[in-house]
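In the two complexes that follow, subunit A is the common piece, with subunit B as its partner first and subunit C second.
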Partner chain A sequence: MLTVQNVTKKFGSFTVLENIDLEFGSGVYGLLSPNGAGKTTLIKMLVTLLFPTSGKILFDGADIRTLGASYREKLGYLPQDFGYYRNCSPRQYLRYLGALKGLEREAVEKRIDELLDLVNLSDVKDKKMKKFSGGMIQRVGIAQSMLNDPEILILDEPTAGLDPKERLRFRNIFTELSRNRTVILSTHIISDIESVANRVILIKDHAIYCDTDRDSLSEILENKVFEITVPHQKADSFKQEYFILSKREEAGQTRFRFVCGKPEDLPAGAQPSLPSMEDVFLYVYREE
Partner chain B sequence: MKIDYPSPEERRATIRKITREGMADRRSLFSDFREMYRNLGLRVIFYDMADVFFIAALVTAFVLCGLAENFRYLAGQRNNFYAKLFAVSPTLYLLLCLLGFWKEKLSDTYDVKMSCKYTVCHLTAFRMLAFSCAGILVNLAAVGIFCTAGGVPDFWQVFLVSTSSLFLFSVLLLWSLFRAGGLAAPTFAAAAWFPANLLLEYLFPSGYGRFLVEMPLYLHLAVTVALACFYFAGLKRLISQQKERILC
Partner chain C sequence: MDIFRQQMKRILGASFFLGLLAAFLAFDLYLISSRSNMRREINLINDVAGRTGVRIDAEFEEKFGPILKKHTTDLGDLFRQVTGGASGDTAVMLKQIAQRYYTLSGEQQGRFRDDSAILQLDGAIKGRNAYYEGYDITAAGKMWLKQGRVTGAPARFISRNCTELQSRMAQIKSDGEKDTLFFPGTVYGMHGFLYGTLFGAIIMESAVLGVLVMFFAVNFEFMHGTQNLAYTSRRGRHLPADQFRAAMLVGMFVPIFLIAAALSVFFANYHFSNVWDSFVSSGMNAEPHGMQVVPYITLRPMTTGEYLRANIGLVLVLQAVFCLLAFSVAIYCRNNYVGFLGYALGWMMSVNLPSVLPWNTVLPLILTANPVIAWVDCGNWLTQIDIFDASPWYFPAIFLLGASLAAIAAFFGVRRFRRADL
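Right, the complex of A and B next:
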């Protein structure tokens, strides 16, 4: 069990995160927020790249800062900008990282083959990575994060640069992995979180805005999302009055998906709609 | 109801067991390094460092050639020779460390490596120790050749001047790392080493060299040992990784 206990992180006088309390058990946790909200800072504290200004992060009751290497042995991490040696092949690089992770040589070789197969890179495992596309590098990054079969897997933007088919493949992998471990996903891609996360954590104004299970998240906008079709000439004034989630052109008219909090303000002809996670995201961060 | 209460001996044994199992093993720096060497091997510890070795060796060879070229002149002026020797002794170590730091930073693999069991800090600490050994060996060879060829009688004193200089620079380099975290401070420390020595020589033209020449051998040895102890303590602190964004 990973516990974030009243953690505040400051850089000089600037507070990035304030009084963060979180608990991570088994399952997939989705960290969702716009850029600059402190997601990556939180992740870097979870992997001991940064330390809290105040508060503690505990793993099974012990401070991860004092656990040091014994905590990192249980950790798998994919950073947002995954660095690699351009002249290395995936096999060489994974072998190198396997050594740094303290894994035994014989076990690493077998694991490398399994993982490169899992991320669909078996046919290029001995090719130099300088010729790889962004998506292929990302797949090497995902493979290295799973090299030590970690109890805690922390992935910062894991599906960035992957095509839809690969994203689907990785979503399934993350779901399978989460059965007996903690998987923490930070991403902008809401559909990834929507399809794999058991719990969703939203960060807003340097604090936890909500930490809830996936299905409860839409309760934030329960009975508040509607759709309506308005003529073009009224579209601009409609946009001024309501918070618009999306719009599309439809037979010479504009179809809006919007939020209306008060029933008395609801325009005639509006039809209720079920809120999606994307609606909640857009609504919660409407001022940012 | 009667409840059995443990005897004082049972209590002491239980406390010993709990503290033994609960407290982290306090390992020495050298047992940490031994374990690293066994688990990683030199190929992993010095991975992708071939160009660093090449450049450092080339520049050191130039410096040694320069010193050899002017040896007869310098050997005639002991004060001047000691001052110059003190300034150039850490050259190989300085180049290996600084180029190594920057190479590591430019590889963009810092975040991944810092989440591994053996982090960039572990690798850097091991390399620094290896580089200081290499520096001492090269200095030993150079001093040996100079003393034999030039007939300088005080081999041990010359060797200790060179070794204390190397350890002094090593301590300064580590201190600058801990003070600022990034690479600007160690780079500045390295860049300032030679000008600072020249400045001392300029400000105290006879005093600086004479101080090094006249310092008794046992004092040279004491200073060298003290600096080495500071240095090893600094390396141990580096692998304990209690500072964020170090070497980044």
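Right, the complex of A and C next:
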């Protein structure tokens, strides 16, 4: 069990995160917020690249700072931007990272073959990585994060910059990997979280806004999302009055999907709709 | 072990490392070849030393006499062949043949060079007492202090060194060190060339390569953006220890390789085999130093062989200090370009700062004891040719000071790195 206990992180006088309390057990956790909200800072603290200004991060009750190597050996991490050695092949790259992770050389060779097969890179395992596409590099990244078969797998924006087909492939891999381990998936791509996360954590104003299971998240907007079709000439005034989630043109009229918190303010003709995770995201971060 | 092996592989496979090592070796070989015009004479004197022994005494005179006679006679014959005139004063014959040198056949040129070398050697043997007899270091020191208006602790330090130097000179005269055969310094300058020029180049090259390797290894992950992966691995922030060990080993390999390669070629071309037992403080081993020609006065009696071994040892210790200093910079500065620039600036300041500071304070004396000055001064190591390093504590002080500063900086750097946000 990984516990974030009253953690605050400041850079100089700027507070990035304040009094964060979280608990991560087995399962997939989706860390969701717009860019710059502090997701990466939180993740970097979980992987010991950054240290909390105050508070503690505990693994099975012990401070990860004092656990040191015995904590890091349980960790798999795919950073948002990770470097690679351009003149190395995936096999050489993984071999080196395997050594850093303290794995036996023979075990590493076997594991490299398994993982490169999993991420569909077996046929290029001895090619230099400088010729790889962004998606291929990202797949090497996934492979390295799984090298030590980690108890805790932390993935920071793993699908950023990938095309839809590759994202789908990644989601399947995450689902595959999430059995019997803690997977923390940080992203601002809602569909990724929607499809793989069991639990969703939203960060807002340097703090945890909500920490709930995926299905309960939509309760934030329960009975508050509606759809309505209005003539073009009234569209502007309608936008001023309600928080618009989306709009589309339909037979010379505008169809709005919007949020209305008070039943007495509901316009005539509005039809209730089931809120999606994207609706919740847009509503929660409406000021950002 | 596997991490260390991987680090070693990474350094040894780096193109800059192999390229610079090859370029430096080529430069050293070029330096060695620049003295090839003296090869014949050097090897002849070495042969003479083999026949006569190196201690200049009555027995030596007995053995050297026939050699000198043979070459003097040969010079007369050569003179008659070349000029058609009768032989006479050797100096005149040498001058006149030298003027016709390029008209001589190859065989005649060889004979002339051999005869000249032996006659010059004879002159150097006879004049070996001149440098020690006429060299009053106490008076020279006093004059230097007066001209530089040096007072206080620095003046006391220099005066004490001059007194010690004078007493060491007396010892050299009495124990016969000055009466050993060596290649005449004023003619060939082999001591200055080997220890000042060649060793100076090797020290510089080794330091540059050692420092670059240290920066390359310690900041490798930062330069490739892989720090997020490397420092969250099991090895984590202990990784610089492996990088340091690998870079240090390669850093120490560089001078060993350059010295081994350069000295093999040097001694294959310039034979020293019969002069290893000569003393460095031989009266013949005097070279121009500033406005004067002065002998190399070793801190204690040292043969040429002992001196070479001691210099090789000191080069290795100095290289270790340079590498340690580079680590202490690299662990603080994650940008190799900035780090190396800072290191180079520090290097330049170490050379120039002491000379611009007033000598009435102890500051220049302290700042002079730095590893970079040791490199500049490499031709004079373990000798009292210079009143600044005329102290047996000079080298231990330099190495101890440099290594201590680097070790302290490295200790705090590593501690800071382990606690820092990355």
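Definition applied: the second predicted complex is superposed on the first by the 288 of 288 C-alpha atoms of A that agree within 3 Å, B and C clash if a C-alpha of one lies under 4 Å from a C-alpha of the other, contacts with A are read in each partner's own complex, and residues count from 1 in each chain.
As a working rule, a residue touches a chain if its C-beta (ideal position, glycine included) is under 8 Å from a C-beta of that chain, and two chains touch if they have at least 3 such contacts.
Because the structure is a prediction, the values reported are computed rather than measured.
Once subunit A is used to superpose the two complexes, subunit B occupies space that clashes with subunit C.
Contact with subunit B, but none with subunit C, is seen for A:T66 once the two complexes are overlaid on the shared chain. With both structures placed on the common chain, the touch criterion links A:L97 to subunit B and to subunit C.
Residues 44, 47-51, 68-69, 72-73, 75, 77, 79, 81-85, 96-97, 99-102, 144 of subunit A are contacted both by subunit B in one complex and by subunit C in the other. Taken together, the subunit A residues at the contact with subunit B in this complex read 44, 47-51, 65-66, 68-69, 72-73, 75-77, 79, 81-85, 96-97, 99-102, 141, 144.
Interface residues of subunit B, counted against subunit A in their complex, comprise 24, 39-41, 44, 47-48, 107-119, 123, 240-242, 244-245. Residues 2-3, 6, 221, 224-236, 238-239, 419, 421-422 of subunit C touch subunit A in their complex. Touching subunit C in their complex are the following residues of subunit A: 44, 47-51, 68-69, 72-73, 75, 77, 79, 81-85, 95-97, 99-102, 105, 144, 148.
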